[in-house]
Every structure is written in structure tokens, then in C-alpha cells.
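I've put the structures underneath this note.
You will see two complexes here that share subunit A, one where it goes with subunit B and one where it goes with subunit C.
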Partner chain A sequence: MAPDIGFGSLLITLIVSIYGVGAAFYGEQKKKKVWILSAKRAMSLVFPLLTISVGSLAYLLLTNHFEIVYVSQVSSLSMPDYLKITALWGGQAGSLLFWSWLLAGFVSAVTLRKWNRDQDLLPWVIVVCLATLAFFVLLNTFFENPFISYWQTPEGITTAFSQPPGGIQLFPRDGGGLNPLLRHPGMIIHPPMQYLGFVAFIIPFAYAMASLITRRADDRWIQLSRRWTLWAWLFLSLGLVLGARWAYDVLGWGGYWGWDPVEISALMPWLSGTAFLHTVLIQEKRGMFKQLTMVLIILTYNLVIFGTFLTRSGLLSSVHAFSKSAIGPIFLGFIALNLIISLWLLNKRWITLKSRQVLTSFFSKEALIILSVVLLLGILVTSFWGVMFPKISELVTGQKVTVGPPFYERVAAPILGGMLLIMVICPLAVWSYASFKHLGRLLWKPFIVSLIGIALPLYGGLTRWPAVVAFWLVAFVLAVNAFEFIRRTRVRRKNKQDSLWDSIVHVLKRNRRAFSAMIVHIAVVMMAIGIIGIEFFQTETQGTIPVGGELSLGSYTMVYEKLDIFDTNDGRNVARAIVSVNKDGQIIDTLYPRRDFYYDSNQPVTIPGVRSTLVDDFYVILVDWKVVSSEGATFKVYHNPLVKWLWIGAWVFIVGVVAATWPDKKSKPLPVRSQ
Partner chain B sequence: MEELQPIEAHPRKGNTLKFIIGGVVIVAAIIYLIVSSLSANVQYFLTVEEILSKQLAGELTGRNVRASGAVLGDSIQYDMDTLELSFTIVHVPGDNLLLEEEGGLARALHNAVMDPSRPSLDVIYHGPIPDLLQNEAQAIITGEVLASGVFEADEILLKCPTKYEGSVPDQIETE
Partner chain C sequence: MINHTKRFLWLLTSVLILAALIPGSTLAQGSYPTDDDVNAVAKQLYCPVCENIPLDACGTTACEQWRGIIRDKLSEGWTEDQIKDYFVDQYGDRVLAEPPKRGFNLVVYLVPLLVFVGGFILLILAFQRWRTAEPEVRSRKNAKRAAESRKAPDEYISRVEEELNKRSKG
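The block that comes next holds the complex of A and B.
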């Protein structure tokens, strides 16, 4: 019953989407509003329809219907309910359905706004949104159907949606269960957040295409899609940070980013998305770089599709990738079609987007932003090349090669340093021109303060110059932003004689966008501090010690107190060590590194015990133990300075982006008199 | 009345040039970074057979390489006190088409482990024993081949065979 409802709803969504594309197109060509309205209605239906599909699959998972192939693969009796829900996106078919559902959510939400004004854009927004949705639903319907079952036939066991000739349905008693590495709170939030970030970019893309098709060269599409873009970018950024946090918490290698191809395929749209966000600003303020903005949104959208293709096609060997699937070539075809159509369109409208304005100075705001875009794209090209080069090399020479993290790190590090430098100057730069006197006047005080960023590390015994430079740049960015904020508040106070508090509030309100951006950049700088700390200064040690024994790392010592081994009621055997952390002879913390062993999938998962402060993390992994406790246990210990700032920065980041999306108080509309 | 010629603003040619030059310089710097880092960090990704033949030909001395193979469960030995791990991997075809012919990666790993005549490679590693290390797992190891023919791994990545979709679950039962 449930699989029939689920699959039926999927099929109806496909039909409704295709209908919507056709109706919108027809209505636009024949100028018949009634068809366009019908298409709009179709678009509002796709989300409820797919909710039925997703609901059916969730039901099947929660009620342990292991005759459904997907349920068998990702769920098991011993899993708690919340994990069964996360299993919805734990495998290829389910995660694809989940993706389509989220995409449908955004697409349907677009129909909710008042379309009185931009009637000319509407049909094309519908066409782009529903065509994309139709593609993904098609994949689920014909290639990765989450609702197929096991059947026993004379030839053997097969899988199919409906009963094959001579087939009897099979009912396994239990499933294989979710990969234990995924049985973690991170699984609840990281994939959904990541997918939200990916799919949300359809909206600005659809508006951009609609604008191109209707031969408009104005900024209306940007105004309409601005908040969508911000939310998409926020979700995508958070998805990346959550993935990093999860890796740090669970995977036990003391790290947070491995330059894994699947990680990179999520990073690439983020890079072009960030560039897009910034060129949009230039377009709004100076009407320049419209062509570049178009290129960037087309690039971002296609990188999203390309990224999910890389992950799902089995093309990459990665700890993240789904296993090989038939959908690879179809994805490539879809991307090719997308690129051909959007680039052809852009080419046709290229001249109309050209701006009369020119760049006038290297230190104008727009020039600095363009420079940061070049750097972002530099990292993007590097990432793309690092992922694709092995594939190309294999095709050309037949020899398989891989590219390791050092490649990315060597290129990204100086580029990121360059971006920190731009973040120093850009808040102070003005549009259209640059006066070095003006910039100099604004920079010298923060510069003096920033020297703390050199003095402190050197005083602390730091000798590695890239780290010193990085800390200096970080201090500089913070100082520049602080001084700028103080300066504007002072000006306001002097002009209006407000109290300090009123001045602050006024300055914030009037320049809400600028200050939200300031908060976001400060957040990025905090994250940079965390990354610099762990990348440059991580130390580690390992050893086997008896109960009561010690391991030292830097100024810390850990003492192995005890080991407990017990079964839990969710199908795990847990070996948990109790370890106390000492500094300067005093116990400052107790940690519980452990090893869980999952009975149903025969797999262990190592969970570290971590003491995290603003200054550093003390990270302990229980590697192994001998049951006769006097023999002792083996531990691996990492010291990760400053890494907590990476996570704190992420919170500040959210605050900044949400502040940027905050609606302005709408001015009262002027009364219109009809003649 | 004379026709007034419209005045058009022309972009100052010299101005645009300096931006183009600036842009080219930066792009060139980035390209240089990419190319030089790439050549320093590309590794061969080899099957066990290729490792053995290249080792014989002396092509692997001092090179950091990556290899993959199927883990022989019986060969896994771990000394907790010294954190020394050793195991043996056997050859699995690298070509995707060959893997398809064998019936998928999980099947190919199983065949490799059951086949006594497959070329094998001994691996040693210093560090915590990876969670997923078990019989028939796919191991992707990075490191150097020592003169003794043993592979000294700096890094081990593992993928568990039973997590490949498409394999039929064990507890199938008809009702």
C-alpha cells in the first residue's frame, strides 16, 4: 500500500512538472494568462505531492518494512527511530528523493509570493524550476526507485516494483542497518543542510534565466532573488561547516577536511556562489559586471548538478561516494543541455548587458571585489583540476593517478592569505575611485593595532612565518572593522548629538547591509583563526600505557584511569576508557574516549574524548585495549590549538547572514491617482 | 539648426589596459601555483599487479604511490604495544569494465580473496588500527614500496564491501 502511494505520487509529480513546463511555455507564447496560472498552480502542487512520497518512505522505514530493498539496505531493527528517519537520506535512492523533495519545497514556495508586478518573468521561472525538478524526479522514477521490493523468481532473487512473472515477495526479518559511521547526530543535520544549500540555488538561477529570456538588462531579477541567494549561501556554508564538525567529532583522525573529491564537489559551488554574491553587489551599486554575474550564477547552478553527479555516479573513489549507478551518463547529458542553453542565451544577450562604466582604480571597492572574485575562482579552478585531472590522465595515458591534499593546500594557502589582505582594505574602500590619502588615513590606526597580531605570536615563541603573517592579517581585519564602526558612530554622535546607544543603533540600522557583511567577514576571520591553529600547529602522540599510566603532549598529561565494557540497548558493544587530563600537576578534566562495536553491521566506530577550550582542543582516541586490564590500552592524542574558533566563527556567520536577510521597514507606498 | 552630435563617453583605453595586465599577472601566478603543486603531488594509483611489476622494473624507488586491493582477513596482525599493523592485500582489477564483468566491486573483492593464485602485497603501517579493516574490504593505501618489497603505508582508506548497494541481504526469508 505505502510503496504504491509513494511511487504513485512520484509519478504524478513527474507528470505535473512536465505539464507545468508545457503550460507555462504555451501560455507565454500565445499570451494566454490562463495557461500560465495553471502552470503556477502545478508548481505549487509539487511540494505536497512529493511530501506524500517522502512520507511513505519514512513510514516504511519506521515500520521496518524490510521487503522494500531500500529499507533493507539502510535500516535495521536495532536502530532508534531518529536514525531510521535519517536513513531516508542514507542511501542513493532515498537521498535522491529527499533532494527532489527539498527542491520542490523551494520551487513551490516561489509561487507563494505576489506575482502582480513581474508577470513577464513568471512563465520562465516556472519553466526552469519545473524542468529541473522533472529531471530529478525522473531519475527516481526510472533509475533509482526507492520503492522496489525483493522477489523470489525461478531464476533467483530480483528486485522490482511490481511482481515479476512467477515471483513471490520476500520478507527479510531484518535489514543491514545504516553504516555505523552515519549513526551520529551529524547525520541528522549535515546532509539536509548541504542539500538545502544546493537546491536553493535554483531560484536565483531561474530568475537570471527569466531575465535573460525576456531581454531585460536591469537588476529586477537580483532584487527578487536576493534573499533566496543569501539563504542558499547560508545553508551551503553551514553544510560544509557541519560536515567538517562531524568529521572532527567522529572519524577519529583529528581532522576536519580531507580534500576528498566529494567534499570538493560541495566546495566548488560555494566558491562560485560567494563570488556571485559579491559581483551582485557591484551590479547593484554601479551597474557593472552584469555579464560576469550571469556567468557566475550559471556556473554555480551547474556546479551543483555536477557535484551531485560526481557523488552519485560512482566515478570517484571516495569515502563519501555512493556506489556506481547507471545515472551517471544521464546527469552528464542534463548538465550539457543546461550549459548549452544557458550559455547560448547569455551569448545572445551579451551586448545588452554591457556596462558603460569602467573600472577606474585598483583600490576602488569594485576593483577589490573583482580581485577577490579572481582569487575565489582560482581556488575553484584548482579544485576542479585536482578532481578531474586523475580522470583525464587515466583517459589519456591509461595510468590511474590520484592527487593528494598537499596539492590543494599549497595552492589554496597563499590565495586565502591574499583574500585576508583584501578583507583588510575593502571595507574602507569606496565605490568608483580610490584616494590613497583617504585610505591611508583610515588604515594607519588599525595598522598599528594589528601589529599586536605580529607581536603576540612572536612573543609566544612562534617562528613559522606563514602563521605569523596569517595572524597579523586576522588582527588587521578585526582592527579595520572595529575602527570603521567606531568612526561612523562618532560621526553620527557629533552630527546629531545622540546618546552613545542611540548612535550605535542608528548606524547599525542605516547601514544594515554593510554591517551584516562586516559581521560575516569577522566570522570568516574567526574561522580562519581556527583553521590556522589546527593546520599549522597540530601536534600528536600515541602510546600503549597500563592502567594508571601517563601520556604527555606539550604541557598536558593524560592518565589512564579505567576501562568499562558494556552492551547498550541499541545494538552496540561499548568499550569506554576513563582518562583524566592534567596540566601543571592538576586535574583539569575527565574524558571518555570510546570504541563502539555495532552487532548488526559487524563494524566498530571510534569516538574521541575531547576537551575543548578557546585556546586549544585536547583530543584523545582509544585505539585498542587488552581485556586483561593490567596490560593496558593504546591511545592516540592530538593537540589542536584554536580550532574552537572555527565553530564559533560559524555561529557568528549565521548571525551575520540572517542580519543581511532581515526585512527593511517598508516605506509607505505612494498613493497612485488614476487619470 | 545644426544637429548636435551626442557626446559619448569612451572608456579610457590606458585605464583598461592596466587592469588587464593586473589580471593577467594574478592569473599567471595562480596557474604557476597550480602547475608546480600538481607535478609535486600527483601519485600513481596502482593495482597490486602493477605495483609488483613496476617494483621489478625499479620504477618505484623513492616514489610515493597509492594502491588498492582486497584485504585478506587472516593476514591481519596488530601489535598493540608498538602500534604496528601488518596485513596482506590481493590484486583486484582496476578497470571498471572488468569489475562489471565480475559482477560488481563486492563480488570482485570476494573472488580476489578466495583465489589462492592472486598476486599479493604485504603492507605495514604504524598507527591505530582502522575501524573498517576486515576480510574482503577494499583498502586504498598510500605510501612507499620498501626495498624488501613490503609496502609501507602512511595512510589507509577502507571501504566495507557489505555496504555496497545491490548486494542481497543475508536474512532473506519467505513468508
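The block that comes next holds the complex of A and C.
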């Protein structure tokens, strides 16, 4: 019954989506509002419909319906309920359905707007949103149906949705279980965040296309989609950080980012999305770079679809990729169609988007932002090229090659340094006109303060110059932002004679957008501190030691106390070492690095023991052990300085973006003080 | 005779010192390499099965065997490069973290470089064009004047401002 309901509502969603596209198009062409209204209703219906479908699949997972192919692939009796829900996005078909459901959520939410203004955009927003949704639902209906089940036929076991001739339904007793790597709290939240970030970019893209189609050259589409864009960007960023955290906690290689092709495919839309957010700012303030803004949103949206294609087509193998599938060519076709239509449209409107404003100075805010956009796109091009090259090489020379972290790092590291430098100058630069002299006057004080960023590390015995430069840049960005804030508060105090507190509150309220941007940039700097710490100063050692034996790394010493091996009631065999961490002869912590072996999927997972402080992380992995032997166990130990700042920065980042999207209280004019 | 012996001893010492200085011979035959020595080499290699996971971090049996090979070779006195070449001969260039810089592989390094150089040239040209498009905005004074002329009395804007002022006072 549940599979019928789930698949039925999936089919209805497909029909409703296609109908919505047709109705909106027809209504627009014939100027019949009734049809557009009907299309809008269709659009608000897709989310409830897909909720029924997702609900059915969740029900099947929770109630162990292993006759359903998807359920038996990703779930098992021993899995706790929360993991069974996680299994919803743990495999190809389910994650596609989940993706469509989130997409439908955003798409339906757009209809909640009052739409008393800008009605000309509505039909085209509907067409773009519902056409995309129809594509994904189509994949789910005909190629990756999560509701098909096992059947025993005279020819053997087969899979189908409805009963084949002479078929008897098979009911396996247990399923294969979820990939153990995915059984981690980080995995419960990382994919939904990543997906939310991906699908939310459909909204600004739809508005952009609607704006192009209706020949509007104004910024209205940007204003309408600003919040959606920021939320999309927040979710995408969080998805990336949570993924990094999951890698750090579960993959057990002591790092957080391995330049895995699928990580890169999630990074690429983030890079172009970040560039888009910044050119939008120039377009709003100066009316410039409208063409570039359009190019960037088209690029971002297509990179989102491209990322899904990379993970799902079986083109790449990585920890993230799903199994080989037939949907690859269809995806490519969809991306090609999307690109052709959107670029053709952009080309037709190219002249109308041309700005009459010109860049007047190399040191103006817009020039600096454009420079950082170019740098972001530089990482994007390198990443894209690095991901594609092994395939190209295989096609041309027949030989497979690996493009690994050193390739990307060589480009990304100096670019990140350059971006930090721009982040130093940008808050002080003004729109339209700024001279070097003007900037210099504002920069010299923060510059002197920032020298602490050189002095302290040098005093601490640091000799590697890239690291010294990196720390100096971090100090410089922080100093510039602090000085800028103090300057604004002082100006306010001088002019209005307010108390210090009132001035601070006023400055914060008045420039909320600017200050939320400042918070986000400081968060990026905090993350940069974490990245610099682990990239430049990570040290490691490995050794095999008996019980009571020691392994030293830097000022830390770990002592192997004990090894426990036991079975758990959720189907794992756990080998857990107890390790005490000593520093300067004092025991400061006890860690439990372990190796979980999952019986159902026959796979081991290495979980490190980590002692994390603001200064450094001491990270211990249990590599191997001998049960009955004096040889003891092999441990790999990492010392990761400052990495915690990466995670703290992520929290600050959330605060900044939420502050930027917080609704304005525009209706109440600010009280005017009488002197 | 004594002279000869002395010379021979000198020669022997120099050869030994030189031998000790040549990288790779630091691990004399028979000395057992540590896990860290093995990992230092393994970090730079990728096995063809576990794509994108460096050899030092991979937990599969195959990768463990590879690390065993590295250990054996190190204890036989092989250098890091010799060991890497050995794996390349056996399994192809894909075992290296980066494509070797020769032949078609050069493309992977050249394209980002060209894109960067091209991008910056384009950017500079664009900046130049923009600046010459409005030559009067070159000096600060002129910029101010231009900004003021941009602010030139626009009836609509002044009315809006007036209206706003009234509101905030009301």
C-alpha cells in the first residue's frame, strides 16, 4: 500500500509539474490570468505531494519493508530509527527523491509571496522552477524509482514496481544496511544542508531567467531573490563545513579536506555563488556588471546540476559517489539544454544589460570586489580542470592519472592569501572613487597594529614565511575591521553626542548589512586561521607499542593503556583502545580511538580519539592491533594546531549570514532626537 | 708506506662521509625503517583501487601490502624516487599524486596558468578601457566634479528627499 501511495504521488507530482509549466506558458502568451493562477496553485501543490511520497519511503524504511529494493539496500534490522531516516538520502534513488522534495519545498514557498507586484515575472519563475522539478521527478519515476520491489519469476529474481507475469514478491529477512561511513551524526545533517544549499539556488536563477525573458534590465530580480540567495549560500557553506567535520571525525586521515572530486563538485557552485553575491552588491550600489552577475548565476545553477551529475553518473569514484547508473547521459543533456537556453537568452539581452557607469579607480570598492571575483573564478577554473583532466587524459592518451591535493593547493593557497589581502583593503575602500593615498591614510594605523601578527609568531619560534605572511594577513584583516568600527562609532558620537553604548548600537543597526558582512568576513578569517594551522603545522607519527608503551609527538606523549574488543547490539564489533594523553609529565586527557566493524555491510570504520583545544588538536587513530601478542597496537598520531578555529569560524559565519537576512523593520521610521 | 695507508684511510673516510650524505643511503642496509619513514613515501602515492585516498591513510589490505613493499625497499636502501618509479613502472602514472610533468600531462599545468594570465590581461585591458571611456574622471578634483554633476538637480530625486525629510520630522 505504502509503495503505491508513494509512487502514485510521485507520478501526480510529475503530471502537476508539467501541467504547471504548460499553464504558466499558455497564460502568459494569451494574457490569461486564470491560467497563471492555476499554474501558481500547481506550484504550491508540489511540496505537499512530494511530502506524501517521501513520507511513504520513510515509513517503508522505519517498518523494515525489505521487499522494497531501496530499503533492503540501505537499511537493516539492527539500525536504530534515526539511521533508518538517514537512509532516506543514503542511496541513489532515495537521495534523488529527497533532493526533489527539498526543491519542491523552495518552489512551493515562492508561491507564498503576495505577488501583488512584479506579476510579469511570476509565469516565468513558475516555468523555470517546475521544469527543473519535473526533470528530477522524471528521473525518480522512470530511472531511479525508490519504490520498486523484488520478484521471483520463472526466469529468476527480478526487480519491478508492479508484478511481472508469474512473479511472486520476495521478502528478504534483512537488508544490507547503510554504508557505515554514513552512520555518523555529521552525516545526518551534512547531506540535507548541502542539498538545501544546492536546490535553493534555483530561486535566484528562476528570477534571473524571468527578468531576462521579460526584458527587464533593473535590479528587481536581485532584490526579490536576495534572501533566497543568502540562505542558499549559508546552507551550501554549512554543507561544506559539516562535510569537512565529518571527514575529520570519521574518515580517519587526520584531515578535513582531501580535494576529492565530489568535494570539489560541491565547492565549485560555492565559489561561483560567492562571486555572484559580490557582483550583486556592485550591481545594487553602482548599477555595474549586470552581465557578469547574470553569467555567474547561470554558472552557479548549472554547476549545482553538474555536481549532482558527477555524484550520480558513476563517472567518478569517491567516498561520495553512488553506484554506476544510466542517468548520466540524461543529466548531461539537461545541463546542455539549460546552458544553451540561458546563454542564448543572455546573449539576446546583452546590450540592454550594459551599464553606463564606468570603473573610475583601481582602488575603488567595485574594482577590488571584481579582483576577488576573478580570484574566486581562478580557483573554480583550476578545480574544474583538475576534476576533468583524468577523464580527458584517459580519452586522449588512454592512461589514467591522479590529480591530487598538491595540484589544487599550489593554486588555492596563494589565491586565498590574495583574497585575505583584498579583505584587508575592501572595508576601507569607497564606492566609485578611491585613491591610493586615501587608502593609505586609513590603512597605516591598522597596519602597525597588524605587525603583532608577525611579531608574535616570530617570537614563538615560527620560521616558515608563508605561515608568517598568513598570520600577518589575518591580524591585518581583524585590525582593519576593528578600526573601521571604532571610526564609525566615533563619528556618530561626535555628531550626536550619544553615549558610547548608544552609538555602538546605532552604528550596528544603521549599517546592519555592512556589519553582517564584516562578521562573515571575520568568520572567514577565523576559518583561515584553522586552515593555516593544520595545513602548515600538522605533524604526525606512527608506531607500534605494547600496553603501557609510549608514543611522543611534540610536547605530547600518549600512553597505550588497554584494548577492549566487544560486540554491540546494533551489529558492530568494536575494538577500542584506551589511551592517556600526557603533557609535561601530567595526564591531561583520556582518549578512545576505535575501529568499528559493521557485520551487515562487512566494512570497518575508523573513529579517531581527539583532544581538541583552542590551541591544538591531539588526534589518535587506532591503525592495527594484535589480540594475543606482546607486539601491542599500532597508532597513528596527528598534532593539528589551531584547527578548532575552523569550526568556531563556521558558527560565527552562521551568525553573520542570519544577521544579514534578518527582516528589516522598515515600517517604523527612526525616532529623531530633538537637540 | 705509512703515507699510503694514511691516504687510503682518508679516501675511505671521505667515501663513507659522501655515502652518508647521498640521500637514500641514509638508511644503511639492514636497518629497519620506521612507520614514519614508510608513511613519508606512502603519502605521495595512490593505489589504483582506492581512488583519491593517499596510501598512508588507506586501511585496505592491498594498501597495507603496498606499505609493506615500501618498507622492504627502504630497508634494502632504495631512495624515495626509486620506490616511486618502481610503482609507476608497475601500475602507471596514476599512482602519483600529480601527473608527471611531461607529454600530454603538461596540459593540466598549463591550462590554469594560461587562464590566469589571460584573465588578468583581460582585467587590466578592461580597467584601462573603462578609465579612458571617461577621461575627465582621472584626477580627484575631476572625480569630485563628476560626482557632483551626477548629483545634478533631479527634480524627482529632490522631491523624494523632501518627502523623506518631512516624514522623518513628522
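Quick notes on this structure:
Throughout what follows, the second predicted complex is superposed on the first by the 664 of 675 C-alpha atoms of A that agree within 3 Å, B and C clash if a C-alpha of one lies under 4 Å from a C-alpha of the other, contacts with A are read in each partner's own complex, and residues count from 1 in each chain.
The rule is simple: contacts are C-beta pairs under 8 Å (C-beta built on N, C-alpha and C of every residue); 3 or more make two chains touch, one makes a residue touch a chain.
Keep in mind it's a predicted model, so treat the numbers as computed, not measured.
By the touch criterion stated above, A:Asp174 is placed in contact with subunit B alone, subunit C being left untouched.
In the superposed pair of complexes, A:Leu371 makes contact with subunit B and with subunit C alike. Shared-chain residue A:Ile5: touches no atom of subunit B or subunit C. Contacts of A:Tyr433 after superposition on the shared chain: subunit C is touched, whereas subunit B is not.
By the touch criterion stated above, A:Val396 is placed in contact with subunit C alone, subunit B being left untouched.
Judged by the touch definition given at the top, the superposed model places A:Gly404 against both subunit B and subunit C. By the document's definition of touching, of the two partners only subunit B reaches A:Ser72; subunit C does not. Contacts of A:Thr541 after superposition: subunit C is touched, whereas subunit B is not reached.
In the superposition on chain A, A:Ile654 makes contact with neither subunit B nor subunit C.
Touching of subunit A by both subunit B and subunit C, each in its own complex, is seen for residues 252, 317, 319, 358-360, 362, 367, 371, 374, 378, 381-382, 385-386, 389-390, 393, 399-404, 406-407, 411, 542-544, 604, 606, 623, 634, 636. By the touch criterion given at the top, residues 251-254, 258, 260-261, 317-319, 358-362, 367, 370-371, 374, 377-378, 381-382, 385-386, 389-390, 392-393, 396-397, 399-407, 411, 432-433, 435, 540-544, 604, 606, 623, 634, 636, 669-670, 672 of subunit A touch subunit C in their complex. Interface residues of subunit C facing subunit A in the complex, by the touch rule stated above, are 34-36, 39, 46, 48, 51-54, 57, 59, 92-99, 103-105, 107-108, 111-112, 115-116, 119-120, 123, 126-127, 130-131, 133-134, 137, 140, 143, 146-147, 167-169. Subunit B makes touch with subunit A in their complex at residues 9, 11-12, 15-16, 18-19, 22-23, 26-27, 30, 33-34, 37-38, 40-46, 66, 68, 78, 80-83, 94, 96, 104-105, 127-129, 131-132, 134, 140, 142, 157, 159-160, 162-166, 168-169, 171-175. Looking at the complex, you find that subunit A touches subunit B at residues 66, 72-73, 91-92, 150, 152, 157, 168, 170-176, 179, 181, 252, 317, 319, 322-324, 356, 358-360, 362, 367, 371, 374-375, 378, 381-382, 385-386, 389-390, 393, 399-404, 406-407, 410-411, 414-415, 542-544, 601-606, 621, 623-626, 631, 634, 636.
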